[in-house]
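Let me begin by handing over the structure; questions about it come next.
Going in written order, the chains are labelled A, B, C and D, and every chain counts its residues from 1.
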């Protein structure tokens, strides 16, 4: 099965290429970015001798003549324009941007005017643990954001036990690659090395994404108070969730809750000791740990922000969309040490 | 005025030496560790050509013949034995260990049996913003822990506005130097580099210290839920506090609260943007930032864990104990970049 | 084909496990360390759900009843004792220690008395680019050291052009994992983070290994002046070689020399821009770059110290020993970003 | 004495401000960058509460009305235009750029056309250990580059013993702050973190600077082969020099040579163990170590690239120019740990 990657210059585009080079069924036939006219080995020197494709200037028609499925690793707004054309041309789409993750109103409130309103309701939110059957039957995946992936997988099993009238706090910590490959003050080595800070507290656009998906999945209104932090590491994400239990739910064995929720999910690992970032770096795993102090609940999850938070989860979704097992070509061996 | 440093091998001992080398009034006359028989320049090669003192095997009597004030940078339990003797010999003590921070019962519950019960009530908790007058009139300072320093300075101004029936969460992030200079798996480079994880969630011994001091200072019972994390940086600490406001306190200007609380305190800086670790590294400053989302409150503070969290705060206390201005010889210029 | 890993606790043992989990032909049937009595998932938590084997206390007889080939990731001296027994029991051995790398005299001068003199001459030095045919026909591989792997691959192509009467300098830079997983001052985070230094200049035991192999391969006596440095990174190695050209060899195209030397070697990549560590991290590649300034020659090579410098090269050797293609199960996709 | 800093936005400008805030004699009266209209506390948030000056758009006339001495932390070419005007207006200048470091021909070959040819010969190269008397009697200091500072201080004592017909190699390793505060691919965290690489081998503009100053100071022609590397640390520099001794000079005690050369220089420390970066970070020290292997010589030096490599050396020069002791306000306490 032939696939295309549009948006090959960034980190998630590179991760897609790296994953697909060794995929047994998907074959990369088309790689594009906004300029073209470069070999992919020059765009990403680490790929030397591994793949030999000229990068094209992105064009939907060309995609459709090369591939049956396209991964879009594009900024929001750019992504919806390609998606609209690709779907019309019969190409399946896994969109890694935010463009199809939210309902229309929420999207337009936090991002911009939407230019592909027809498809927004058809998109399936690509969190496989919760939407597997829908994913198998769609042509359009809205691949979750990195923070929502780690937050939802950790928080959803406990929603029924949490007093949702009391604020839920998510203290999320991301590696610098989450800020992308573009140059900015925040990603300058001298700024983030030996440093750590929160940014956009209570104002990050992943906050409504988390809230909306809890409503969809658990039919519960919650107020998420989301504070992201930047860590001086390149890849990986640690999410620390703090919530208050309902008074009648303090005697539950929350490890059992976790185990039960995810008993048939091979990419979730329940940990008895606090999770760390390194054990999931390089993999599609989400590791989860839970601890309790009276009515206080602490849930900690770890993912690779570029893989489970983007590219490997996109590939799991693509596998499912195309009728393959979800684990085909999905990495499980961590970058330890 | 002649001073002694007992416990010179570790990081806080080194920081004390570095601070006191340039202090205009205190003169280092005695440096000790558990073995002696080494020059301080060989113990800490970075001190070459800066100070020339033979390190002694620690002995209280020798201290009293050399110095009027001693800084103890010792493990808990060892510290109380020296303190008892030093006070009897007329030496003022700034104790950087936990031995005199807590009331007896709490101490014995979380640490060990106390061997100097007579002095425990005479010790003053060395948080200068809250105990300045007491500090001036004591012979024994219990220097606060690093996590409590950053947590209390950030949280105390808001206690009156917080609904203390609802859990308060402290997500604290410390550089690796907080784990000390001794070898351990946690401080092995291959373990913590490019990594981040929580440890001892809800079980750290700084949790009761924070709780007790809030009770003492604000006469309020609170339940602190404290989760420390280790960051892949050498020095510095970021504390993120999450609390729920009382319903009738959501319309307060919390920046004003901060400014009012600390208006005459030169080592607190109120920040309009989220604080970062680098801006306080190398200094005695505590930077604080506050943000609100309906009834959810986020307070973020940053300190140098080895300075404001230990050695420079110890020196502020020593200054005050000895009748000097608190800022004499106290560093304010950050290690930026 | 069943294989054993002896010495599973360290980094190279872990890398071997990670590589062999996905190997299509080799099956891990036996894992041992010096104590046993632990599951490999508890020894290395990153392996959770990936492999389920009880770690044994190392025993040669048990190895021979489980496996036809053993990887020894042991300290020198320990390794030769197992090797002697394993060969006698008919088990092929890939020894990652130094025990069979050198001729007897050199070994005993730089390491210790040798206890398996009979086998020392039968061992093949496992640098596949130079000893491929011998590797295919041996039962005992002496897997090269990390520094020699990167140094020899970079230096050997130029020996004929270098004035070997003038000192050759190797300024080698290794990530901290090269110092192993054991606790030591050098691997304490506070010591190496934000730091860099040379160690054992002109005295490292990899210096005679490099010299001897140049003599064996090129029949040339050279004096290598080797200065290793430690870098504040976990994995990877950069080797910078400085040599003086013969007067009649300054007009050569040294890129062509490189390309010619390695034209049929898939794990060598000739770079037109200076090599970096990241592009080889996670792979078995050795990237090489060369530059010239009159009669001064600069050669720079990059490898993953734990893979090409140890475990993946060991697996290449095992592939060849067992009649498989050298690239079976060998990683090529780098840990970028 | 009133001083000005022109070029306050970059790292060396910031370091100058930090040093001068506490200087007992120099008072900062004017700070400028290319745009002005910002308070210095907003330009560098770490300076909050430490200094309160509005940053001006740089103007030579304004400088002369505020200050008797100006530090120029500007890019080359920009710097010479200000210098010309400032000298005419009677302001002493310490120029941290390359504009007055080289003789005219060399400058124009490696940089650009020179616009202030009259002053180029009057400038004194501000390496205090070698030009102290000249520095005391000039109005214009050409502050040395960071690589030349560390390289010259390490290499000059040995020139008489080295066979200069054989290439001398300098393998220099710099922290990322050496690349400045401007955004570039090389300073992006994802590029340099966990990485290391050489850049511009044999082509860096500090190579002719080193060569020329050896000629000036030792009246010896040498061919320096200079290869800079970037390290994943923020500040600090390690320089490893490799040279071949004259045949009749192999029996010299090179530690004695070092000690003799620098016996009255308080900012040089001779080390018996290999130098490291951390021990000089935050200070004006240059630490030097030497080792020998037959006729091969290894010299290793460590400096803080922003201090001894730029701003604190500039302040030493300013002290000397103005008749003060060289060590007034110069930092000696390292950023350890």
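Basically, a contact is a pair of C-beta atoms (placed from the backbone, for glycine too) under 8 Å apart; a residue touches a chain by one contact, two chains touch by 3 or more.
Here the structure is a predicted model, which is why all the values come from computation and not from measurement.
Looking at C-D and A-C, the interface holding more C-beta pairs in contact is that of C-D. Centroid distances built from C-alpha atoms place D farthest away from chain A. For the pair chain A and chain C, the distance between mean C-alpha positions equals 37 Å. Computed from the mean C-alpha positions, the centre of chain C lies at a distance of 39 Å from the centre of chain D. Touching two or more other chains at once are residues 11, 177, 181, 190, 194, 232-235, 278, 337 of chain D. Of all residues in chain B, those touching chain D in their complex are 11, 14, 18, 21-22, 44-46, 48-50, 177, 181, 194, 234-235, 266, 269, 271, 273, 278-279, 282, 306, 332-337. Within the complex formed with chain A, the residues of chain B that make contact are 166-167, 169, 171, 173, 190-191, 194-199, 201-202, 223, 225, 227, 229, 231-236, 238, 240, 242, 244, 274-278, 281, 291-296, 298, 300, 302, 337. The touching residues of chain B, counted against chain C in their complex, run 11, 176-177, 181, 183-185, 187-190, 192-194, 232-234.
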